[in-house]
Structure formats: structure tokens, C-alpha cells
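One chain, chain A, appears in both complexes that follow, with chain B as partner in the first and chain C in the second.
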Partner chain A sequence: MTAGTLPRGRRRGRSHGWRRSLARHGASWLGLAAVLGAWQLTAIALDKTVFPTFSRSISVVGQLLTGSVLTGDIVPSVIRALTGFCISAVLGVLVGLTLGYVRWLGEYCSAFINFLRSVPSPLLIPLAIAFLGLGAKMVIAVIVSAAVWPVIINAFDAARRIEPLYLDVARICGLRGFALFRRVLLPATLPDIFAGLRIALSISLAVLVVAEILGASTGIGYFIQNAEQTFAVPQTYAGVIILACLGWLFDTVFLVLERRLLAWERGLSGGLRV
Partner chain B sequence: MSDTCPSPAQVTAGLAAHGPALLEVSGLCKSLPIADGTVLEVSRDITFTLRAGEFMSIVGPSGAGKTTLLRTVSGLIQPDRGSVMHRGQAVRQVPSWLSIVFQEYNKSLFPWLTVRKNVMLAVHSQPKAEARQRMAEALNLVGLYDFADHYPWELSGGMQQRVALARAMASHPELLMMDEPFASVDALTRAHLENMVQRLWAEAGFAALLVTHDIGEAVYLSDRVLALSSRPSTVLAEILVDLPRPRDRATRALPRFYELCNQVLSYIENPEEREPAAAPHHPSACSPAGTSRPDLSCHRKVVVRDD
Partner chain C sequence: MGVVIGLWTVITGSGAVSTDNIPTVAAVVRGAAGSWQDLLSSLGATLETWALGLAIATVAGVTLGLLVGLSQWADSATDVIVRMMRPLPSLALIPLAILVAGLGVKMTSGLVAFAAFWPVFINTRYAVRQIEPRLLDSGRAVGLGRWGLIRRVVIPATAPTIATGVRISVGLAIVVTVSVELVVGTGGLGGYVLAAEQSGATGQMYAGVVVGGILGWALNLLFLAAARALMPWQAVVGRGLG
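Right after this comes the complex of A and B.
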């Protein structure tokens, strides 16, 4: 046998996969279209100011995306959400893996962590405003205070449950300190960490809006609240649509990234086995 | 308790010294905590010497604590009492001159790394060029260089174990420990792997410590076989294997091969038969060979632990 006789696992499954994926995505797009169509028809039938049609809302979305709202509100919001998410990710992975790997430290901190994470993060907004004032810094801090927990918890659990033989092999290979962390601890726990990161990503977006409504003068949250208070109903709906699209975009990019980084895991669980 | 009586190592010293002592294990005791909070005594006062370049096997009934013994000797876990000395120096951490091949190849190779990178991990402290060369060399030794860019889970069990063997070889160890390395592969692959290990051992000149429950395998590969009692394990005997080398399929057909296998088996079986209650302080009682094998004077048997 030579290397050529074994097909590389990664490539397998692509040959017929596109057809299946088209069918699956086609169905989900069809479902979305049905809901939007229902929205349109209901809005026409009800004919109320507080319930504009989908077509009206989407045309406002177009205006917003080409106007000053894009640079003044949407882009800053995206930057805040992603900054908050990235800080949560790095902090959560470092803290979670450390506490999970260093057992006695984990024992000490677990009560403290459970106490902290059960504080609803909107409650921290007044405190954050007091410390950091209004604006981006406060918003990011509040996002981190909410999004870091699922990352910490998942990394912590994964590090505790790590295959003991991995650690033995690492010790025999002489891996210590950061090399052990980067080469064994992190990759071994990455599947669980990604599950936590995905939750953190959606939390980031949700908390972003709340924090912006309560304490910012720019951003999508501020824009939606402002539109609502000035009775600009289609603008309010447009803001919500933009937010939903952002959430969908984040999640899609995230899943693509996950599939790439964790290709080995799918292979391991039999998906690519040759 | 046994500090006063001669240890097996002391008795055998000089009888078949092929080389200087590489590893001296003396009075090793290890208990492990188990689920319900109690403590299980696994190893009791284990003493033996491994010489440089020697192939030694440890056999014993399943559950005898062979793996625990190997983990203690390798420094992965600390003994409760006793010491492990490497050329006169105490072993505390997992030393760099030691490699281990585990039974569970699917867990001892990292699934997120290719074969190449798995092997590179063992030589990560070397300069890049040196590390690459050793990786290639080691993979060639086990005939898997062509699969360097595959992931371990793309390979068969036997191939994965060969990768694990390559990784162990890449660091040029003085001592290769193997924990039931062939227990999870099929019989054909097993025979193939055994011969591969024999060849690598003969060529590279490392000392080997093989833990197995397969007496035939132990006799086939080893210079000496250490027979362990059931838990808490103690050394029942050391059996010198005087079969000619290199060994091959014909070796297994030799009457002497059977004799040696039976001899090992008798050491392992008899204490249990004769003392089902396993009197804790005298697990091996007196020489089990005394009654069942009166004609073994030609080999060195050292039994033990009898105050």
C-alpha cells in the first residue's frame, strides 16, 4: 500500500454533498420565505401603523444600509459585539482551561464562579456606567460580563474531562507550561470550547442591544430605541431585521470556522473514516 | 518489613549481568484511591533491576497492577514507598530518556495532529532540522513514512500502534516501556508488531520493559521475565529466557519455549491455587517451583519475599 491508495479523508463526502446541502438549505430558505410572506399578508390585512409590511421595512433597511446609520450605528455595534466576544473567548478559554487543569484552583474558584455567573448582566449596566461612563467601553464590558461564562464553563468541564492518556503522553514527550496548553490542552478541548463560544456569540449580540439601549448614544440598540420613541415604526422594524441578519451572519461565519478547525473531530467520530 | 531480607535484585546480581544496571527498582509500594473512597493496595514491595540494553517483561494475572507498576516506574505517578534509580539517580519526573507505548493507540495518538506531527511532538525540543530527520527516520523504521500526512484515525489499528512505536523511537530512548502494546490488535498484526519490536530493539540497542498478560509473548521477546502475583502484586520470580536470538516463528515451536512458558505460568498460577485466601503478608509463601517444578535448576529462579 502506498499513500495514494488511501483517499484523504477530508475530501471525501464533498462529491455528493453539495446536492444534499442545496436541498437542505433550499428547504430552510423556503421556510423563511413562507414566514416573511405571512408577515406581508397579515400586515396588509391588518393595516396598522404599529405593524408595517415586510416590503416597507426592508426598503427602510436598504436606506439605512446606504446612509449614515451604517457607519454611525451598525459598524460601531458590530465592532463592540465582536470585541466583547473576542475578549470573552480569550479570557474564558484561559480561565476555564486553567481552572479545569489545575484541580485545586478549580475547587477554590468554583463557588465564586457560580456566584458570579448567576448575576444577570443587565443588572451590571448601572454599575458599568458608573465606572466606565456611557459608550463603547461600557458596552463591551457588559458584553464580556455575560458572554465569558459559557466559555469558562465549557472550557473548565472539558479540561476536567480530558482524556488522561493525552496528558500522560504529553508528559512523556516533555511538554510543559505553554507548550502543553497550546499543543494538547487547547486542541483536545476545542470541540467543547467551540460549543461554548457559539453560545457566547449569540449572548454578545443580545447583551449589546440591551447595553446600547440603556447607555449609549450610538449603535443599533440606541437606533432601535430612538426610532421606537419617535414613532418611526418602519425604522424600528428595519433595525430588528438588521440585527437578525447580523446574528445569522455571525453564526454562519462561526460554523464555517468551526468546521475547518475541527475537521479532525468529524473524522474521528466516523464521518470521514476510510 | 522486607528491608532485611535479600531482594531478588541482590540475589540475581552478577548471575547474568550483560550490562550495567540501567534501572534499579527497590521496595516499590503503591496504593491507589478507588471510587468509594477506600484505598486499594496495588503494588507491594516490588524490587527488580533492569540492565542496559536488556529486554525484560512483566507478566501477571489481569488486574495485578502491572500498568500501575509501569506508571510508577516511569515517574508518571509517585510511589508511596521505595525508589526507582536510573544509573544511581532517583527518578522523580518522567525522564527524557524514557518512552512509553500504551495499549490504547487510539487515545495515545493525538487525533488533531497528522502522523508526522504526532511523531514530531516527541522531538519538539530538538532543533527543527534534527527533529525532522528523526521523525523521518522513525517513521521509516516502522515503514509508515508514506503515511506521514495522514491522520491517525485514517489508519488501521496496527498502523496506529506502529506510529506510536515510531513516536517512542524518535526520541532515541534508553528505555522503551510498553504497556500491553499489542493487546488491542488482531493476531496477525500482533505477530508482525512483535517481530518489529524485536528488530528495533536489536538494532537500536535500547532496554525494553514490556508489560503483558500474554506469557508466550513475554517469553518470545524477553531476556528475562518477571512474574507478578495478583493484587497486591509482588514479584514471584524472575525467569531467565535462554532462547537463542534472533527469534522467529521457529522459536515458538521449540520445546524449550513451551518449557519456559509453563514455568512462568506455574509461578503465576500456583500461589493462588495453594493460598486462595492470599495471606496478605506472605503472598508468595515459599517457592512455588519447589513442588510443581523440581527440575528447574538450570534456570535462575529467584523467589522471594519470605521473612
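Right after this comes the complex of A and C.
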């Protein structure tokens, strides 16, 4: 590495040509291919049962996606994760905006909230099992207990930093209660809320797995755990690959939706900052 | 906070809810006091795994992040991997890690390190790409070589963003540590809570959860204080209520 490889600002402006971007896209997929290739070669070289080749694992992925695992484990897991995420989103936005807008309430609750969100959420799984028993309800509750915090925090911060002018205009127009929430508070804070939602989505998937390992008899987490304990090594890897793809898919779909839903925002902030 | 504890006392004390699932505050304190040696050694075990994993993750994340961020090609080549790894629930790797590395400290710390690596790495990489070009030009103008440039310009300029990444990892590492303990069922705070649940000791179970909350909260505060002391030139962007 030399000083010459440090990014220089003057060059960066020109680097957006399509040729450049194509090369970059190519390079990024090549990077992935290189890692997978390395996996394949290492696995062949090591020849260990606990480390199957990539091709073996991916062929098991194909079997799982066409068999009963898809409807029995993967689909229920996706539904649980998304249900937990949606509850967290609605709850987080409502609580966060309320606490951020009603200042005295926010100050009153902040110590308590700071403590609650510091609890490592997997510790709550035994608690949730004691309350709700085993199964989907427990899993969803644990997901909410983990995923709601980034939404609350982002909504709270955004509501506090809201442009006072917006609120003044809203008051002049006589907006109150729910109308104020829907027409001013929510749109003004949406960009920040989306940042929190993205984190919440990946947390949902992560917590889902632990919750299912500890307290469910279906689902992808249960499947992976079961495969590990019965020493079905390629199945274990296949489960993890499926989860990785699910995470990537969730994230990509989320970004596309965000770009759609917040399309108005980019033009607006560009115009106001002149 | 005081109000909440007060409410808890009143509600459980009044018999409005069954104390099978929600114990009284006194029962939780009794639970903690009755097994304080267990609780303390569990806390120690959790902290040990956490610290080891986080240390590995921070060193590896900063080093690799700087290396990758400083080269455009390395940056492009790692893009898809990073986009796949970031949302990958590292907790899903617990069974895999058990399979490959057994049940020892190596497995636990390795898994914690793997999970905590990504926020540090991603933030470092991003921060290097975002360095104000004028800073680099000024550095070159006063005749700094590549090491001088990295040490005197790149690292100070990226430190606040790296600190944010490490702060995310601090919390993440605790979550992963506790999860592994829960799944494996031995040692640490996770093991303590699990054992309490299985033996029906509700008070102890809650005590474990409360201690976990205090731990996460204290580590976060400690980290913020350390960051402020180490980087007096930059106010650490503190995200938090109030």
C-alpha cells in the first residue's frame, strides 16, 4: 500500500461513469465468488466431516427449498420474523414519537427505557417461555422485545429534532391530535425512522433464530439446531446459507421500498438546503 | 426509574397478579442475595468471553477496515460480501460453531469476535472513504509519508466513526455471549438465567435479567467515558434518550 492509493477527492467525482460502475459491480460479485471458491478448495483440501464443500451444501439448499422444510420451517420463520418486525415498527413509532413530542414524558421515562434496552434480549427468552410457553407467540414476543428499541430511539430523536417551523405552521392551521401526528410528525421523522427500521429488521431475523433454538419445534432456527444435534452437517450449513440469503433478501427489499416511499424526501431536502 | 420499581412493588404486593410469573421486588432481591456467589462468577465468565471476543473483533475490524478502505479495488471486491454478512444473523452460526469448534472458550469467543467484527469493519471502511480530501492533501503538502499520513491523518479522522462501530459491537458482543451461554446451557449469565428458569426459581431468573440490564447499561456508559477521554478533539456523537 502506498500513499498513492489513498482516495483522492478530485478523482472521485468522475468515477460515476457507467463503465466504472459496471467494473465495480463485477468486482464486488467476483469478491463473493472468490470467497466461495476458497471455501470449496479448503473443504476439499481439509476433507473433514464438519466442513463440507460449498457445492455439497448448496445442493442440500436446493433439496430443502423444494421439500417439506420450505413450508414446515422456512415459511413459518419468515412469518414470525415479519410479524415481530411489524409489531415493533408500529409500537416503536407510536412510543418513540409520543415520548419525543411530549417532552416531559420523554424525560420521565428515559432512565427506565435506557435500562430496558440495555437488557441483552436473549436473556428474556427464559422469561418469555415462562409466560407464553413454547411456540410462535413466545418467539414473536422476544423479537419485539429486541427490535422495538432502534425504532423507538430513532423516532424519539427525530421527533426532538423536528424543525420547529413545521410545528408552528401546523398549529396555525389548527392541526391537533391524530391529524398532527399523521400530517406533520410522521412525515418529518420518516427518514430517521426508516434508518431504525432497517436495523430492527436485521435484529428480528437474528433474535428469531435464538428464540427458535430455545423454544420452538418448527422454524429455521429449530431446523439448524436439530441438524447440528443429529450431526447432519451439510444440512446445518444449508440452513445457515438459507438464513444468510433471507437476511440479504430482507435488506434488499427494504432498501427498494425505502427508496420508493421516501422518494419525495430526497428532492425536498435538496431544495431546502440551497 | 424509581416510579417503575414502586409500581412493580405495589402491583405484585397487592396480589393483583399471580407471583408465579412476576415475583415481588423482595423476591428478586432475595434471589440475587441467595445465590450471589453464583451470580458473581457467572457475571465474571460472561465478561471474560465478551472482552476477549470484542478485543479480537476491534483489532481485526480496524486493521482490515483501514486496509480495505484505502484501496478502491479491495473496497469494491468486498462490497457484496459485506452486504451479505451484515444482515446475517451471527446467532445462527451458534450450531455451526459448536459443530466445528466444540463447546470451549475458543468457540464462544470466536463467535463473539465474528459477530462484533462487522460493525467495526464496516464503520472503519466507510470512514476511510469519507475522509475530507483536503485533509489528505494538506498531509501530503506538509510532506507526510504513507505511514505518517495513516497515523497522523487517517486514524484521527476516522476515530469517531470507528468508535461508533465499536459501540455497536459492545452491545452486540454481550447479546451474542449471552445467547451462546443460553444455547449451550453452561456458565455465564445466560446459563444462570436458564438454570433458574428450569428449576422454577423465578426470583433468581429475574435477578439474572436485571443484572444483565445493569451490565449492558454500565458497559455502554463506560465506553462513552473512555471514548471521550481518548478523543478529546471530537465530541462523541451520543445517540440516546435525554
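Following the convention adopted for this analysis, the second predicted complex is superposed on the first by the 240 of 274 C-alpha atoms of A that agree within 3 Å, B and C clash if a C-alpha of one lies under 4 Å from a C-alpha of the other, contacts with A are read in each partner's own complex, and residues count from 1 in each chain.
As a convention for this text, contacts are C-beta pairs under 8 Å (C-beta built on N, C-alpha and C of every residue); 3 or more make two chains touch, one makes a residue touch a chain.
Predicted model only: the values in this text are computed from it and were never measured.
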Looking at the overlay, what does A:174 touch: chain B (first), chain C (second), both, or neither?
-> first
With both structures placed on chain A, which of the two partners, chain B or chain C, ends up touching more residues of chain A?
-> C
Now for A:163: first (chain B), second (chain C), both, or neither, which partner does it touch?
-> first
Looking at the overlay, what does A:184 touch: chain B (first), chain C (second), both, or neither?
-> first
Of the two partner chains, chain B (first) and chain C (second), which one does A:39 touch, if any: first, second, both, or neither?
-> neither
Starting from the residues of chain A touching chain B, keep only those that also touch chain C in the other complex, and list them.
-> 1-3, 6, 8-9
Of chain B, residues touching chain A in the complex = 71, 74, 76, 94, 96, 98-100, 102, 104, 107-108, 110-113, 121-122, 124-125, 146-147, 149-151, 153-154, 167, 171
Would you pull the chain A residues touching chain B in the complex into a rising list?
-> 1-3, 6, 8-9, 163, 165-166, 168-169, 171-175, 179, 183-184, 187-188, 190, 264-265, 267-268, 272-274
Contacting residues of chain A [partner chain C, same complex] | 1-3, 5-10, 12, 23-24, 27-32, 34-35, 50-51, 99, 106-116, 118-127, 129-131, 153, 156-157, 201-202, 205-210, 213-214, 220-221, 224-225, 227-229, 231, 233, 236-237, 239-240, 243-244, 247-248, 250-251
Flag every residue of chain C that touches chain A in the complex, lowest number first.
-> 1, 3-4, 21, 67, 70-73, 76-81, 83-96, 98-100, 128-129, 131-134, 136-137, 140, 144-146, 149, 154, 171, 174-175, 177-179, 182-183, 189-190, 193-194, 196-197, 202, 205-206, 208-210, 212-217, 220, 239-242
